[in-house]
Amino acid sequence: YGKNTIKFLRLHKEGKKDFVKEVEVCTHLRLTSAQEYLDGNNSLVIPTDTIKNIVLVLAKKNGIPTIEQFAIDICKHFMTTFCQVVYVKTYVQEVPWQRLQENGVPHIHSFICAPEGIRFCEAEQCRNGPLVVSAGIKDLKLMKTTMSGFEGFYKNEHTTLPERHDRILCGELFCKWSYGENKDFDFDCIWNKIRECILEAFAGPPDCGEYSPSYQKTVNSIQMHVLSKVSQVQIIETMLNNTFYNVVDMKNLGLTNDKEVLVPVETPYGSCACTLARK
Amino acid sequence: YGKNTIKFLRLHKEGKKDFVKEVEVCTHLRLTSAQEYLDGNNSLVIPTDTIKNIVLVLAKKNGIPTIEQFAIDICKHFMTTFCQVVYVKTYVQEVPWQRLQENGVPHIHSFICAPEGIRFCEAEQCRNGPLVVSAGIKDLKLMKTTMSGFEGFYKNEHTTLPERHDRILCGELFCKWSYGENKDFDFDCIWNKIRECILEAFAGPPDCGEYSPSYQKTVNSIQMHVLSKVSQVQIIETMLNNTFYNVVDMKNLGLTNDKEVLVPVETPYGSCACTLARK
Amino acid sequence: YGKNTIKFLRLHKEGKKDFVKEVEVCTHLRLTSAQEYLDGNNSLVIPTDTIKNIVLVLAKKNGIPTIEQFAIDICKHFMTTFCQVVYVKTYVQEVPWQRLQENGVPHIHSFICAPEGIRFCEAEQCRNGPLVVSAGIKDLKLMKTTMSGFEGFYKNEHTTLPERHDRILCGELFCKWSYGENKDFDFDCIWNKIRECILEAFAGPPDCGEYSPSYQKTVNSIQMHVLSKVSQVQIIETMLNNTFYNVVDMKNLGLTNDKEVLVPVETPYGSCACTLARK
Amino acid sequence: YGKNTIKFLRLHKEGKKDFVKEVEVCTHLRLTSAQEYLDGNNSLVIPTDTIKNIVLVLAKKNGIPTIEQFAIDICKHFMTTFCQVVYVKTYVQEVPWQRLQENGVPHIHSFICAPEGIRFCEAEQCRNGPLVVSAGIKDLKLMKTTMSGFEGFYKNEHTTLPERHDRILCGELFCKWSYGENKDFDFDCIWNKIRECILEAFAGPPDCGEYSPSYQKTVNSIQMHVLSKVSQVQIIETMLNNTFYNVVDMKNLGLTNDKEVLVPVETPYGSCACTLARK
């Protein structure tokens, strides 16, 4: 197979206002034949330069109403234009530019990059198969300063970790969910709702939070909450890279450190992941 | 000289609410003698491990009300405790954790990392000299989709760049300003006001913006605006790394691209910088 | 599932000489039950801290004769010690430290990091299944300044790329091969032989080279050469990330550039990959 | 001031053999006036695009015999062509491509990237001043597995570090030296000799090494050795970023770890630096 990646900016105006999307598009094609590998026969090969041109032309003609719609357009174009393509997958991710505001007034053409999690999507199709759409969020850094522990785990002669019922939970979340076969969804609205669900399930109620007995359980809570609240989601895959923190032992320095000063434990770092599907 | 860097988390409670600062502290010392270099005599050397302990102990004892105050505390500690130290500089930067909100209600212990520019500061002192404080913002990514040009520049036989009166202005801003000798400032309030001034000067009025004839002029406008609005700032240093964008030529593809699709020009990339002081 | 990563140094002496391996080990476990996700019941969970201890203890007891043997040891330990583990995969990669030489004399304890490709391996086992070993090289940056082209590719209205019969071929190679079920192999010797095969197939004979009609064909030649020369390899997966270079057009500057000055084309960049198995 | 960075490839042939240099050039200019900042008057501004063209044209016309010569050519060009330039500094660094060998035979056109330290240089000139040349090496990762300690340091109530007479010394070395005013030097030959001196001073004799009582002393030994062996060097600046390693305590695990298994201490990490000039 072959993959290629293109970065560009799509600008347009609505009334006086400028709109902007900065995207990175990665297109992945599989062809009917592998003759270019075996014989060096390039006659069916679509050069990366051509793929770049197609992506830019589609951006110019259709705009990027949502990254999901744009990924769908690209998939469809390759399937209908090139009969040598048997499989296409398009990944699109968006740089999180947000309109500047001055005293609550949105600016007509100035933007700031505010990366509280990167939005991405994928559209995928095999020849004669359905066009399947998924979306996700990544690089979402979250922390709970309390209401997290890890107890009752398996122990043997190699165990040195103490049980803890009040630790820091800190990590980077990756979530990807599938909408199944492409339908006429409001991708922006659903994505924002799912992001909200993720934060709710991670944090719990604002006034008291919710206890997390492990990274694993928090991952599962996020998945269950999204599946229960957003009917369009068929499958959800979640991964949490955890950063562990140790309370610094200050006894030698004559002080009692009541979970006030903590240092990151850089090795080992871990991650837990789970995929959950609707029955 | 020697430098060392420490990352840690400082947590504390106010009422039921948790507060958190994740900081990176870099301490830079110069000693009265260089005998450890010349003779391998380590008797005046303060090990990095000791420096780490001092920083953590100060964080534990004093907390981190502002990163500026914390940098000042560290400087003072080294100057008063170690007579072999002739110069100390402390750099502190803060990971931009923000409290999560649910429907406008702030969460008691959950945070999200939202990096719209990194806040940093420096405190610096020579023995028998004043303690000088500076602060700044870095990694602030900004864009203007219009109202930016570059015309009337010097031309010779090596010039191929066309004049442009409607280009994209996009870049990463670094600003560092000095408060002069340490006084009892409200560092949080001043920092937020300066951040606001920077965005105002970059963007211009929300309804119409302000034309930028060059990256250089925009840098100067930011500096002038900050100096005029914030009397505590003595000197301001500003650097703008620019990302250039080219409008894709689509003539070969049978299309007219009216500044709708642009690709980044990755080489050359440039930056312009300027330092401006109050008279 | 869960993954975790540990970095450490293993030192030992042979005679007067010091030997050193700096490795990164990533262990990936799947358990019989997912109760920790569903119920927050941690009783079968092996903490990352315990996994770290096991890896360090095995390094201490067995040393790291080859990274492959070490990965095998770790797999076996988890399978025989924990009945709740149904699958284990261990990835090990080695920092390329090489002994310093002075006028051809190897130094007894000084090393330099010389990263001409990173060696890695994987050992993998399902309960009741065979232990399968693979190895590889990654981050191997290679270039051919000539004897590379790309012609006869598919063309339509979106094609703008010209045919070229003398371009630069430059990229980063990733190769991973499977030895199949674990046997008593000389992993060091085989790995070095495969590395040599890769370079031979990439470059061709030293005096004249070999023409590459595409990145794809070069990928295939590497795979065919390894499979034909190294009988222990069962399957080989190869990926080549390509960096394209454009000859700078200097007509406007009054010069003819005969493939002398080239700039990297940063967008699009692509990669091609292929997996080939012995019949 | 303004800076800009360009990356490109310079190819040429000698007989049948291809030669290649991949360089990154950063040019830094200061002009007689700052009117472009103050008034937005661009009439003296040399666009980055023009600077790029000049660098590429010089590479085409003169080639890159050494990066030092190329940096000198660029400096001279700006000083003689543009009377509005009052200061120019050119930094050039080289990607370490090395010719492939098969059984000792050098390949005519195939190269491998082998980064055992990056070579760089700087040429610098003020109007009416001399052209000053410096060169250096960076990202040189070195390790001594023994013959390194740290004892007799300053102690107080914040000291927890034990004295050690047999630790690992591991770090990344940066060295930059000045040749003073530009003369007709054999830059390749001198650079290789200095690199050799650095390794010699770091490691000591191959059969027994040399004890290092601190990072600081090792930095000084390197500088003294270079100054004594290479008469062209006027000033030498050296920085060593150190990576500390801790011997893992395995008592809880029932084992004695005799400096066999070590983990990196990621916080704090430090660096020491020194500048030494010939009297």
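So that you can tell them apart, the chains are marked A, B, C and D in the order they are listed, and the count of residues begins at 1 in each.
To be clear about the criterion, a residue touches a chain if its C-beta (ideal position, glycine included) is under 8 Å from a C-beta of that chain, and two chains touch if they have at least 3 such contacts.
Computed from a predicted model, the values in this text were never measured in an experiment.
Let me check something: if the centre of a chain is the mean of its CA atoms, which chain is farthest from chain A?
Taking each chain's C-alpha mean as its centre, the farthest from chain A is D.
Taking the mean of the CA coordinates per chain, how far is chain B from chain D in Å?
Chain centroid spacing, chain B to chain D, equals 26 Å.
Find the geometric centre of each of chain B and chain C from their Cα atoms only, then give the gap between the two centres in Å, rounded to an integer.
Distance between chain centres: 39 Å.
Among the residues of chain A, which are close enough to touch at least two other chains?
6-8, 53, 57, 158, 160, 253, 263-264, 267
Touch graph of the chains shown: is it line, ring, star, complete or other?
Its topology is that of a complete graph.
Show which residues of chain A lie in contact with chain C when the two form their complex.
Interface residues on chain A, with respect to chain C: 1-8, 34, 36-54, 57, 81-82, 84, 150-156, 158-161, 213-214, 216-217, 219-220, 244, 267-274.
Give the list of chain A residues in touch with chain B in this complex.
By the definition above, chain A touches chain B via 6-12, 18, 20, 53, 56-57, 59-61, 97, 100-102, 105-116, 140-147, 168, 199-200, 202-209, 245, 248, 250, 253, 255, 257, 259-264.
Once bound in the complex, which stretches of chain A touch chain D?
Going by the criterion above, the answer is residues 157-158, 160, 252-254, 263-264, 266-267.
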